[in-house]
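Right after this note come the structures.
Okay, so chain A shows up in both of these, paired with chain B first and chain C after.
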Partner chain A sequence: MKHVYGWLLLTPAAILLIAFTHYPAAATLFDSFFSTGTVVRPSRFVGLANYAALLDDPIFWQVLRNNLAFALGTIPTSIALALLMAIWVNDKLPARALVRMSYFTPTILPMVAVANLWLFFYTPQIGLLDKVGAMFGAPSHNWLGDPHTVMSCLAVMTVWKEAGFFMIFYLAALQSLPPEIEEAAKIEGASRWYFFRRVTFPLLMPTTLFVLVNATINSFKLVDHLFILTKGGPDNASSLLLYYIYQVAFSFFDTAYASTLTVVLLALLAGLAIVQFQQIEKRVHYR
Partner chain B sequence: MRVLARRLPLLETGAAWLLALLWVSPLLYAFWAALHPAAMATHFDPFSMPTLDNFRKAWTYAPFPRHLLNTVILVTMVLAAQLVLCTLAGFAFARFQFAGHDIAFGLVLVQLMVMPEVLIVENYRTMAKLGLVDTILGIGLPYMASAFGIFLLRQTFKTIPRELEDAARVEGCSMLGVLWRVYVPLARPTYLAYALVSVSYHWNNFLWPLIITNSVNTRPLTVGLAIFGAPESGVDWAVISAGTLMAVSPLLVAFLLFQRQFMQSFMQAGIK
Partner chain C sequence: MRSIFAIVTAALIGLAQAAWADTEVTFYYPIAVGGPLTKVIDGYAADFEKSNPGVKVKPIYAGNYDDARIKALAALKAGQPAQISVLFSIDIYELLEQDVIMAWDDVATSADDKAWIKSFYPALMLNGTYKNKVYGIPFQRSTIVMYWNKDAFKEAGLDPNKPPANWDEMTRMAGKLVKKDASGNVQRWGVEVPSTGYAYWMFQAFARQNGQDLMNRDGNQTNYANPDVIAALQYWRDLGAKYKVMPEGTVEWGTLRQAFTEGKTAIMWHTTGNLTAVRDQAKFPFGVAMLPAAKQRGSPTGGGNFYLFKKTTPEERKAALAFVKFMTAPERAADWSMATGYVATSPAAYDTPKLKDYAAGFPPALVARDQFQYATPELSTFQTGRVRKLLDDAIQASLTGQKQPADALKAAQAEADKLLKPYR
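Right after this comes the complex of A and B.
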């Protein structure tokens, strides 16, 4: 009986999960071996041709490089800032609640809204960045229109948006550390920095790994700001993998190639998922 | 709580405050710009008179009331479905060792990584087949069976002592009665945490709603905002700021009122 009950309870969720996660994932893989069908030419099996095209597609490689640069540019900075923020707001700090709220607020705003606000900072001449630059005599610069600066601009905005979110995880971890360790260190006369380096930071390692994996996954899913700020430009300099998939599928209508690109994204996420699940396992065992 | 809580050195306090100021300044600046004529957004004059003109203009340029209504419908619908589906599935995983339990659970967890927005091509196709393109149900349906919700509730249900269930059983409670009278009330904090995380996620979600909607009657705030704020729409920046603030204000106000619960819910949700 319990088998039947278990499955009955699970059925409604299982149907939706299969319909919108497992089936589309399998269908994506399947589609990547076929050509895109048109009215006059139906889709046919092409084997690995889409993958061969992918290897020869300079935009794909550029987008992948961009994604890597975006991850490397945003993740370490936002994690370091998050840790610093968490340590500050975990300590006795005047107006602590206000400071904590300030750090966290960007997290709850939609990325599209955030991009709207930041668009203005980066606008040449009338934007805040150029205004401040002009005060120091710097020439006007098209921040989002220059392939050399566009990624950094997006990275700064993303760090602003995400650091407060990661702070929350560190704050939770810090609050679960037993206070006795700190007392002992104090009695031994350990300096603040020494205590952080030798005790706090190692104890926070599981949290750091957890945040790291999540941040990496996020860096592949976060594309909302591109719709407002750059549309992937100039010359694909700021495009990311998921945005490219969107373009190929919904602007160029090449669904087979979009599926092939999606398979690459799925493979990347699967790799990260394995690390993530090992993390979860550990946490469950610790309980 | 903390036995040895000490105050931060003065220099660090200053740095912490400075960073906090830096962090809210984009928002404060948006408020400033939204409350002043467009020319004032670029010429900072602390003594100029604030005006609500931009809000009025933004309200008429874009159908914000309709977008807001769509978002509220979407968020409510998704949350209601998630609560029911995740409760049932979480209960199944927490209390029934049925055949295929572990495989099924593994398959649920896959969704933690592969959210519906990654599979936009196939999911759009499915929605087209179901005739759900450009409907609010179409935006919400892929998210209703939330792996995260199932996982969170399973963890919570597992911590509830079996004795409570046995006692209820002895009293003649049915299986669903046990779920409704014992498990659900005891998991209330988890439900609250999950609700806050879910609402903020779907309030802010953009890519999938953008793809699946194409008319004013279904577009949520984020998509409306993107169209409104596009440079080619020819709206001036003060009005865009006003529109942006209007779009984020319900969630922002809710956050300011319930910030403690909000942060705690994110904390709880994070410790998976």
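Right after this comes the complex of A and C.
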């Protein structure tokens, strides 16, 4: 009887998980072994042909490189910035609530709205960036139209958007640290930097792990801005893996290849998560 | 908006239940330009129902062109009835391959119907015709035109009423129109052509002007590596790289209109769909002209067509035909053109008194129509998404200096050949 009760409690969550997470994942894997079917040409089993095509697809390799560059460009910076901001607004400073709120504001804006804002920051000549630059005599630059700068532009915008969100977690963690430790450190004569390096930062490790996992997932998950800002261009210079999957699925209607790409993305994310948990768990002190 | 829509839908369903033996026509339509156009469409549907008792029309707004295509196809797959839809004119091959549409000729069989199919501008029928059968009836259609800033022309010592008529003139005039500040930074560009959103579409204009179309009529062959096509891309690149009259790199589709209305470029190429917005925002006198010529003038058409779905009963087809005829009648085409900035689809529409009056007060409204004689269908083939992206990438790689136009286009042609081989 107890068993039945337990299973009944589990059922709603289980149904949702199976219907919207596990079944689609399994179906995606299954579809990746078939060709894309149309009414004229029905789908058929092709084995690993889709994966072979993927290895030969230069755009796939380019978006993968782009995605890694995007992750490296956004994750460390946004985490460092989040930590810095959290420590800053954790102190007693005037108008603390206002400062906290202003750091958090970018987070509550939808990504599409943010992208529309930044589109006008980056627009040559009439954009904010060029207007400020012009005051100092800098020449106008085609920020999003230049393959060498477009990725950095997207990274800066993402850091701006994300750092405030991660700050909240650090802020909560900082406030849960017992004040006695700091008092003890002061009595022992530890410098602020020494205290941060040897006490605060290690104690924040669980938060850092959480933030790191989230930031990594986000760097693969966030593509809304591409629809507004660059559509992956110029010449795929700013395209990301998930955006490419969207293009393949809904612009090319190649569902089989889109499934194949999705499987790769899933495997990549699962792999990253495992590495993160294993490596960092060793250095995390849970209390 | 959505709640109004829900009320309208609920009202329509209620009406449908009240009457008996009604034929229902459901159609999905996209909106790609600004303004409260869902209301306009709902109004047309209501007008049609008044004059056609026994037929209920259910318009469903479905977002942009991509959304509309995805939604309509998903609804068909799920077995929900949709008899017709307004979808992207270049979706035709995709819809044919999915085997969901049928030719209008098979339904429009009376002499009157046949005359109706012939009543549109021939240029607008090209994207909707496959193997001599008409699958797409033009509804919301556009072309590319050239907007120019008359004040800038005056300032540069040019005749403000004489836009460039060919590439040489455009290069020369644009050179004079570039304005720099004391330290040599550009304040105003001579000409800008967008290259982010619809690079292939803009490029079709260059290629056509240089005497070439980019694909064949069967949709299974592209013409990317033709020497004249390569020369066309070289010219586009040279505007930035050699003549320095256009910014280097790609030019954003979405912000170009602002750049023009704020005087940051003296000339822009853009869709006619922007006409009303430019008219509202520009604080200077501006002109609208046909695109300049190289060997000839040229611009692709764009926009959405009415498609008829296969999974329909004979009564539904009859009702759908009546409705589409109603929607494309001269009166309504004129009205729709004034409300949106799209071109009216038939010569008869331009003969209606209201569109005549409108054009008399605002002559730029006629430029797109006059350009039809030089028009080419929008790039559309089997595997159209991939084939189009190959060209987009080649254009952007050239404009940003990553590749030479000849190399980029030859590579794109080789890839396109691989994709299209099964369809030949």
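Observations
The working rule: the second predicted complex is superposed on the first by the 271 of 287 C-alpha atoms of A that agree within 3 Å, B and C clash if a C-alpha of one lies under 4 Å from a C-alpha of the other, contacts with A are read in each partner's own complex, and residues count from 1 in each chain.
To be clear about the criterion, a residue touches a chain if its C-beta (ideal position, glycine included) is under 8 Å from a C-beta of that chain, and two chains touch if they have at least 3 such contacts.
Please read all numbers here as calculations on a predicted model, not as lab measurements.
In the superposition on chain A, contact of A:142 is made with chain C only, not with chain B. By the touch criterion defined above, A:5 lies against chain B but remains apart from chain C after alignment on the C-alpha atoms of chain A.
Once chain A of one complex is fitted onto chain A of the other, the partner contacts of A:34 are absent, as it touches neither chain B nor chain C. In the overlay built on the shared chain, the residue A:235 is in contact with chain C alone; chain B does not reach it. In the superposition on chain A, contact is made by A:250 with both chain B and chain C. Of the two partner chains placed by the overlay, neither chain B nor chain C lies in contact with A:70.
Touch criterion met: A:120 reaches chain B and chain C at once.
In the superposed three-chain model, the partner touching more residues of chain A is B, compared with the other of chain B and chain C.
Common to the chain B and chain C interfaces on chain A are residues 119-120, 126, 228, 250.
Across the complex, chain A is touched by residues 1-8, 12-13, 15-17, 19-21, 23-24, 26-27, 29-30, 33, 41-42, 84-86, 88-89, 91-93, 96-101, 104, 107-126, 141-142, 144-145, 147, 150, 175, 200, 203-207, 210-211, 221-222, 225-226, 229-231, 237, 240-241, 244, 247-248, 251-252, 255-256, 259, 262-263, 266-267, 270-272 of chain B. Looking at the complex, you find that chain A touches chain C at residues 38-40, 119-120, 123-127, 134, 137-140, 142, 144-147, 228, 230-231, 233-237, 247, 250-254.
Listed in rising order, the residues of chain A touching chain B in the complex are 2-7, 9-10, 12-17, 19-25, 27-28, 31, 81, 84-85, 88-89, 91-95, 97-121, 126, 128, 131, 160, 164-165, 168-169, 171-172, 179, 182-183, 186, 210, 217, 221, 223-224, 227-228, 242, 245-246, 249-250, 255, 258-259, 262, 265-266, 269-270, 272-273, 276-277, 280, 283. Note for the complex: chain C touches chain A at residues 66, 70, 94, 97-100, 183-187, 195-197, 199, 247-252, 254-255, 258-259, 262, 264, 383, 385-386, 389, 392-394, 396-397, 399-400, 402-403.
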